[in-house]
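Input: structures, listed below.
One chain, subunit A, links the two complexes that follow: it is found with subunit B in the first and with subunit C in the second.
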Partner chain A sequence: MRAQLMWRTLPSLVLGLLFLSTPVMGSCLDKDQELLRQLQKQADIMQRTSMLLNPYIQSQGLDKDGLKEHCRERPGTFPSKEALQRLSRQELLRALNTMLDHVLHRLMALQQDIPKAQDLETVNRAKQNIRGFKNNIHCMAQLLPGSSERTEPPPIGPGTSPSPTPTPDTFQRRLEGCRFLHGYHRFMHSVGQVFREWAESPSRSRRHSPRRGLWKGARRVPLSRGNKRLLLRGQLPR
Partner chain B sequence: GQDPLFIFPKDKLVEEGSNVTICYVSKSHQNNISCYLEGVRMQGEQLDPNVSVFNLNHVAFIRETGTNIYCKPGQGDGIKGTVLFVSKVLQEPKDFSCETQDFMTLNCTWDPGSDTGLLKQLSQSYTLFESFSGKKTLCKPKSWCLWQVAPESQDMYNFTLTAENYLRKRSVHLLFNLTHRVHPMAPFNILFKNVSATSATMTWKVHSIGKYYTLLCQVELYGEGKVTQHNVSVKVDGAHLFSGLEPDTEYLAQVRCANGDYFWKWSEWTHQNFTTAEAAPSEAPDVWRNVKTVQGRCVVTLFWKPLSKPQAHGKILFYNIVIEYLDRTSVSEVLSIPAPASGTELPLNQCSSQIRITASNSVGTSPASVLVVSREPGNEEVEEERVKGTEDGFPLSWNPQPRHVTGYLVEWCEQPRDPPCDLQWKNLGPNVTSTVVSSDAFRPGVRYNFRIYGISTERVPYLLARKTGYSQELAPSDNPQVVMTNLTSHSFTLSWKNYSTESQTSFIQGYHVYLKSKAGRCHSGSEKAVLSDDVVCCKYKIDNPEQKTFVVENLQPESFYEFLVTPYTSVGEGPHDAFAKVTTPDEYSPTLIRILLPTVFCILLIMITCYLKSQWMKEKCYPDIPDPYKSSVLSLIKSKENPHLTIMNIKDCVPDSIEVLNKQEGTRKSLTETESTKPTYLYLLPTEKRYSSPGPCICFENFTYNQAASDSASCGHVPVPPKAPPSQLGLLTSPENLLKALEKNYMNSLGEIPAGETSLNYVSQLASPMSGDMSNLPTNPPEPALCSEYKMQMAIPLGLASPPSSGSSSLSSITLLDEGEHY
Partner chain C sequence: MLTLQTWIVHVLFIFFTTESVGELLEPCGYIKPESPVVQLGSNFTAVCVLKEKCMDYFHVNASYIFWKTNHLTVPKEQYTTINKTASSVTFTDTSSLNTQLTCNIRTFGQIDQNVYGIRIISGLPPEKPKNLSCIVNEGKKMMCQWDPGRETYLETNFTLKSEWATEKFADCKTKRDTPTSCTVDYSPVYFVNTEVWVEAENALGKVTSDHINFDPVDKVKPNPPHNLSVSNSEELSSILKLTWINSSIQDFIRLKYNIQYRTRDSSVWNQIPPEDTASTRSSFTVQDLKPFTEYVFRIRCMKEDGKGFWSDWSEEASGITYEDRPSKAPSFWYKIEPSHTHGYRSVQLIWKTLPPFEANGKILDYEVTLTRWKSRLQNYTVNETKWTVNITNDRYIATLTVRNLVGKSDAAVLTIPAYDFKATRPVRDLKAFPKDNMLWVEWTAPNESVNKYILEWCVLSDKSPCIPDWQQEDGLVHRTYLRGNLAESKCYLITVTPVFADGPGSPESIKAYLKQAPPSKGPTVRTKKVGKNEAVLEWDQLPVDVQNGFIRNYTIFYRTIIGNETAVNVDSSHTEYTLSSLTSDTLYMVRMAAYTDEGGKDGPEFTFTTPKFAQGEIEAIVVPVCLAFLLTTLLGVLFCFNKRDLIKKHIWPNVPDPSKSHIAQWSPHTPPRHNFNSKDQMYSDGNFTDVSVVEIEAANDKKPFPEDLKSLDLFKKEKISTEGHSSGIGGSSCMSSSRPSISSSDENESAQNTSGTVQYSTVVHSGYRHQVPSVQVFSRSESTQPLLDSEERPEDLQLVENTESSAGSFPRQQYFKQNCSQRDTSPDISHFERSKQVSSVNEEDFVRLKQQMSDISKPFEAGQMKMFQEISVADAFGPHTDGLVEGFETVGMEAAVDEGMPKSYLPQTVRRGGYMPQ
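Then we have the complex of A and B:
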């Protein structure tokens, strides 16, 4: 138990240090490569299931044969890696920002089903990591060409993502939460890989429109009206 | 709905131990639906093709998030499930109690038991209801609650504590009188006043519980490993006098209070440390001494043990030593040794003295320890006895003394092998005649010596007994270093005189001498012994540990032996390793050696002598034949450019013969007649100018033969007095002398020439100035100074000297040397 706690705490500590290297919100690093490296490291840490999924499965009693097999990502909840690769940098950052808002919203909903303070602390740490990651996305967006006019960080508060599909009972809600977290970790793994490709080819340009390629071949996550407006109005850097 | 499978009830909350029925309804006629409870398949009852039920009895609490129950069809992933929330049973609050510290609030506490909180249900809540006042309060904490005491004088309280959750409610009741539930707060502001060496006053304050109440306070004092307890009644301030304290000692005092009228609970302790003041040391230091004589002067080494804390009554600063000489001829001496010294060495002016030692701290001085050093050395001839140590120590006993003693003292060294030996002593009373000396420093295999003294009424110690022993004897770990001597063909001697029996690991009882031989026979005095390696050898036993030599006899010549000397003790003997090897010589070798060695030595000595004296020997035995042509005389002749002078050929001489001429006038006359030759002769020998007068003889000086003679510039070996007439010049002044000299020279030539007589030259050739006519001989005047001597060899001109007669008949001659012996 102690080792498990340490396993959970250590990556968060590393993440915290990474965030410390980034100035407070609104003040960004002006070195895009360094910022990109930070984003890679953050994504690598956030993809670990020990950060969120495993504690959730254990606290909810889903670690049983015949049950944990159903804790798999529903297709379409998060964009695939291929979809992310087809996006331009500005589009990817904007999509990331939107998806992480959605994750934050779901995590707050999941907290209602977690009675133990220890498990709640795990979720809170994950939320902090996501907020830090979003901040670095904002900074990265500022460094991209043609986006200097937008310096404000993306909003991180709740309410910008659609509410999850209402589930009538605790069991179904529990199972959906598990699937969502599984998808979240997979998504962050893909994000890390895309960032790594960025570092290998720094001058890569846009290939496809995000709206055409982001959820290609998958069920699109319904966006809230506000989010749609966010994308259409171009509040995030293009 | 659209779902093909439904499970009921959804999110059911039940208490632990309840019976629950789970039911599923399938839209299609699927028979292969399986249901699980926490991963374990449940066996249910199928009510119809679409409905099945599962009866769960005595459900158990698993986790706060509930128990997962789920069903899934055999095909597809349409899993459906429900969560059964099983709550722990709400327990009745235990140990419900209320008390007050200040008559203003009541603090009620209880043990809530297990928490029944779930994801679906909050934890149980607690409410407190007082029936007399009718008041009720919700307690937010789960284990305690504060109740405000009514301002009016309500003494009795009847509380009901109710625990409640979603499923159940539990209550407990408590009725009490408020004055009986007073739990005072801990005293405060502890102070110590008038702290002396043996007493101190402690004061403290208490929180008031009303002017009509009296507090009972309990005071405890910890110090010197003891606890004392006192009860004090207190209204507002408390005070207590501690007496009988030890000086310079730290104490811990603590106090707690309770309601003196109706005891309910003690308050918490409040404690404080204090230290008493110092006092003068109460005991004299324990002192002992060691007396030795250095260059005729008594030197006393004093040892003392530091005073214990209860004795020192403070920090000892220094030790005072007063030496009083008993015969009053010397002035007393006073010394001060700073602490923490534990001894000092004092050279005494006189042995008979009394030494007083005191210890001082900042307050005063201790009583004195008195030692008397006597001129008499004491009874040093006490025989040493052995004592056997035990696990408890060394038991020592001695005979009671007829004369009055003030006590006994046992001294020993705890480190006898390592000087300084760490002298220890133990004082005993006058009626004690035995004791056990124990120490953690005692080690097995170390010999400890104990000396027991009686202390007379004059404080003079005298030796009563000496004991020595081991706390545990160990077998010897080493064997003596043995030296073998006197090796003969039949015996040899072994010696190990350097082996100390005193410093061994046990009492040496004797020695075993093992002898290995090929013959394997053991002679009388030995016995066969089988060693650990199954080697048979002869063993000689020496019972006296001080006998450190042994002669091994009855050996065979030219035989190989191995021997070992090992000590034996009561716990075993030394190791059987490192046998020394020896081979006896043959019987005749010693005799031969006794003869051959001196012979070889003598030969060597002669050879060395000959080598060192080879030049001398050569000169004596084989001198170089002088070459006249190389003589210095020749140069003299040449320098005078006298063509008539030449070197006489040796062939022309008559060697090895000497003619002794009789003293006849004719001889003198002949000499006179040859006066014309005198100048030449004298000219040739310038050193003989003083003999310008006609000389009686012709000398041939041979510098090669006689360096001394040449140095003296005289042909005569005996210095001629100046008064002597020229006729008497020469070596020999008379024929007798000449004969004597010749005889001596002859004898020397046959044997060794005495060193002191080397001045007597060998005269081998004589050129007679006279004719060889024997008839003339008697006519020569009897000139006693006439002599003949072989001087520098040279040819005499014919005009000066007649050639020698070829025949011996012309002269009566004495042949001294053979031709072959002529050098």
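Then we have the complex of A and C:
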């Protein structure tokens, strides 16, 4: 029993420490539903190809028939919706945090191939949105009753490693960038759907979660100062 | 090597220079704190520390220190000598914002030397900023503003800080010109809560506002919808469809809208109910609009949940609803015009164009029908709003419909009565009054049912004819306003005619003003009649064009030059007024003002003067005076007429003309001297050699006695017979002019005319009128000219002296003695004349007369004439008359006999144009 308690408490502590490693700044929303709605809205925005992919295709000269078909997500770059659905909330938040860090790194790499200031502004705006999304993940994580039991990213199937493959020529590099962005938007679309499922039917999310244990053991773990350490209603571990 | 040496020299130079300057400028001490900033109202203490070196040099210590603020010495009570080298000064309740504080020492007992100086800055710490708020204009950076609080008097920096839970943004420093707002450098990220606060900091402190935490999307002010367009529907004339493009914010948030609309000619906006536009959309259909009406729309949006700000209004867009059938029949009326065709009338049918909201479309034409009693219908299509037709004197029914693209209106029906129709049943209690800048007309309906009312009106003017405008009102209406373009200060003649089913009723009229004003000019007053104490003024009624309102009354102002003005109010119906109690012979100035309900206007000033006398007063004075004068004159004339002899004697006695004088020789012995002078030539025909005049006085104008006349005739005859001629003096002497005289040389007629007297010539030597000669002499002569020529002919005088020894001392006297053979007994002419008569008659009578004359000689002046007459009557016409005549004859004979004796005759020289002085 004691060991079980420890098993339940540890992931929350780890997740909490993970996000607490960031400097303590502004306070987060203490309303989980509102925060979840914000995440959904952000995901809706970030999934729009007009926010990043289309400007990139246009700027890189990839908006030609025949080329668009090749601008498809390379399988395995981003986790699938099903993979995300299988994750617990803590795992999902952790996975999202990790994935978005990779996206940021990749966008910084792509910026080198974007000469136009207007397109650079688009990329910067996308990066700002990703940082804002990560902020909300951070706040959501603080509202969750537990944290990941592992510091490692959860095994979410293919695409767990979105690191770009070194490409020899520019065209291939642009095409890879295009495929990456395509995958990014698809990924954010899936994230949005998962968040929507969270809001609509939290229990169903848990049902699909392979690690039900993640939702257990985390009971009113105090989080950062700004939050009131409220647990998501109806999502308390059984 | 050389370079090294040069460098060393430079270094040494700089070193020594710096050292020396440092010593020169090194202060004698210093003040702590160096740059103090003090809070207003707080205490402040400064310490001045002297350097040992300086103390030794000047032989001073801290007790020698004195402080100055802004060059004024601080009282020593505020000093504190801390030790030998340090002295402090304390200020309580600092209020000066900027103070110069110096530490000074007095050296050698008299020289003040400044040791050190600082500047104290005072102010207040910043207050906590309040009311921090932010706005995110879509597409722009976030801008926040706040209330900075009180004035600090110090340079205060405001910093807007913002951060996420995981990230901190760059500070936003306010600009100097906008210290209460700041726009961040980064683009806001929606749906990420951001924490924002303001830090205010100056030298006295730092303070932070309350933190606000918000989602930037809740602070958005969206861009307004654009490309707003309006389209109508042919199926429905009451709707318009709006379409627009939302701003890109709709990708992030849901929107709600405000849609407003108005008709083109209106300025009031109507708003679509907000609940109908509470969700994101890009089109909207507005219903319940009027057909064929242009509407203007505008739209704005904001976040659906009401958080954030409304966008600005979009650009306006307009659209016209589709046409519909005219909703109403037009106003319809007629005018009868005289026709030259017997049995016909010229009728002008007139109607009004429907307003757009009733026309519901573009009017294509009008359809008029005319139906005479029991005859077929006649249709006419007219494009104008009037139509003239000749109709018989029968009764007609006219209808009018208006047509647009969609259809026709209902028909307006009008009955044109027969020629002999007598209109009756007028409206009652017709009133017209202005209200709310409109001219309202109100009436009481006739007892019978009225189909409609026709209101006609026109401007009354003396300059232009009455051109009526008109409007139609429903039969149930009894009050309306005139919907024409009415002008202020114009008199409107308003006529209301009820229209019944069988024809129009009797019209009723009334005058009214939309708005009255004072008259444009005042009445011109003038006098109709001016009396001594009153004046009747009159004036003309003002023309209607200058009345500008209903003339309510007149006021007459009148005054004298020095008097106060008097005002008299006169009813507007009058055109004359009598001013009474005026002062006579006074200039009055009068003017007149006419008043409407809105004020009055003075007319020109008129002056008049009241007369000094009332009418008839002068006549009452002048006529009696004139009458009295005339009467007096008449009496005077009568008196003069009656007393003309007397007046003549005193005023214009006969003056003898010397040029016609002759010397008559009484003595028959004295020969006539025909060649005596040139005048004698006139009578030198031998007919005028002797002068013999017998003068007979008839007292009291009595005719001479027949005996006298007889004797006179005899005398004349004798004279003619003896002398052949006689010379009578035609004129009378001055003393006998009024007496009738008879000259012996005159014709018989003249003898008859002078039958009252027998004139004999008298030479007056007693002077003219009241001149008294020194010696009374007389001689018979035809002339009344005095004989003065003795001076010119002294030889004649000498002859006289030789011939008459008894002559007196004066030649003339001798001469007369010679001629008359008698003595001068009296200087009086009367006596002389009388004695002349008497002497030749009787010596005794002469003596007696001489005595009488001596008795009466004194009262000569007054009683001269009377005495003379009495004597003449008593003596000349007495019993001695015959003797007198005889005496004359004797003398005449002597003159004729002595014709050859020139010494006895004294010729006289007559000066032309006068007579010699006596």
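Following the convention adopted for this analysis, the second predicted complex is superposed on the first by the 158 of 238 C-alpha atoms of A that agree within 3 Å, B and C clash if a C-alpha of one lies under 4 Å from a C-alpha of the other, contacts with A are read in each partner's own complex, and residues count from 1 in each chain.
Throughout what follows, a residue touches a chain if its C-beta (ideal position, glycine included) is under 8 Å from a C-beta of that chain, and two chains touch if they have at least 3 such contacts.
Note that the coordinates shown come from a computational prediction; the quantities given were computed from them, not determined experimentally.
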Which of subunit B and subunit C A:S88 touches, first, second, both or neither: neither
Contacts of A:R125 with subunit B and subunit C, given as first, second, both or neither: second
Touching partner for A:I45 - first (subunit B), second (subunit C), both, neither: second
Comparing the two partners subunit B and subunit C, which touches a greater set of residues in subunit A: C
Partner chain(s) touched by A:L175 [first = subunit B, second = subunit C, both, neither]: first
Which superposed partner A:D65 touches (first subunit B, second subunit C, both, neither): first
Which superposed partner A:N97 touches (first subunit B, second subunit C, both, neither): neither
Complex contact set, residues of subunit C against subunit A: 163-168, 186-187, 189-195, 211, 213, 215, 217, 251-252
List of subunit A residues in touch with subunit C within their complex: 19, 22-23, 25-29, 37-39, 41-42, 45, 48, 125, 128-129, 131-136, 138-139, 226
Touching residues on subunit A, where the partner in the complex is subunit B: 59-62, 64-67, 70, 113-116, 168-172, 174-175
Complex contacts: residues of subunit B adjacent to subunit A: 10-11, 36, 38-39, 62-70, 72, 77, 79-83, 117-120
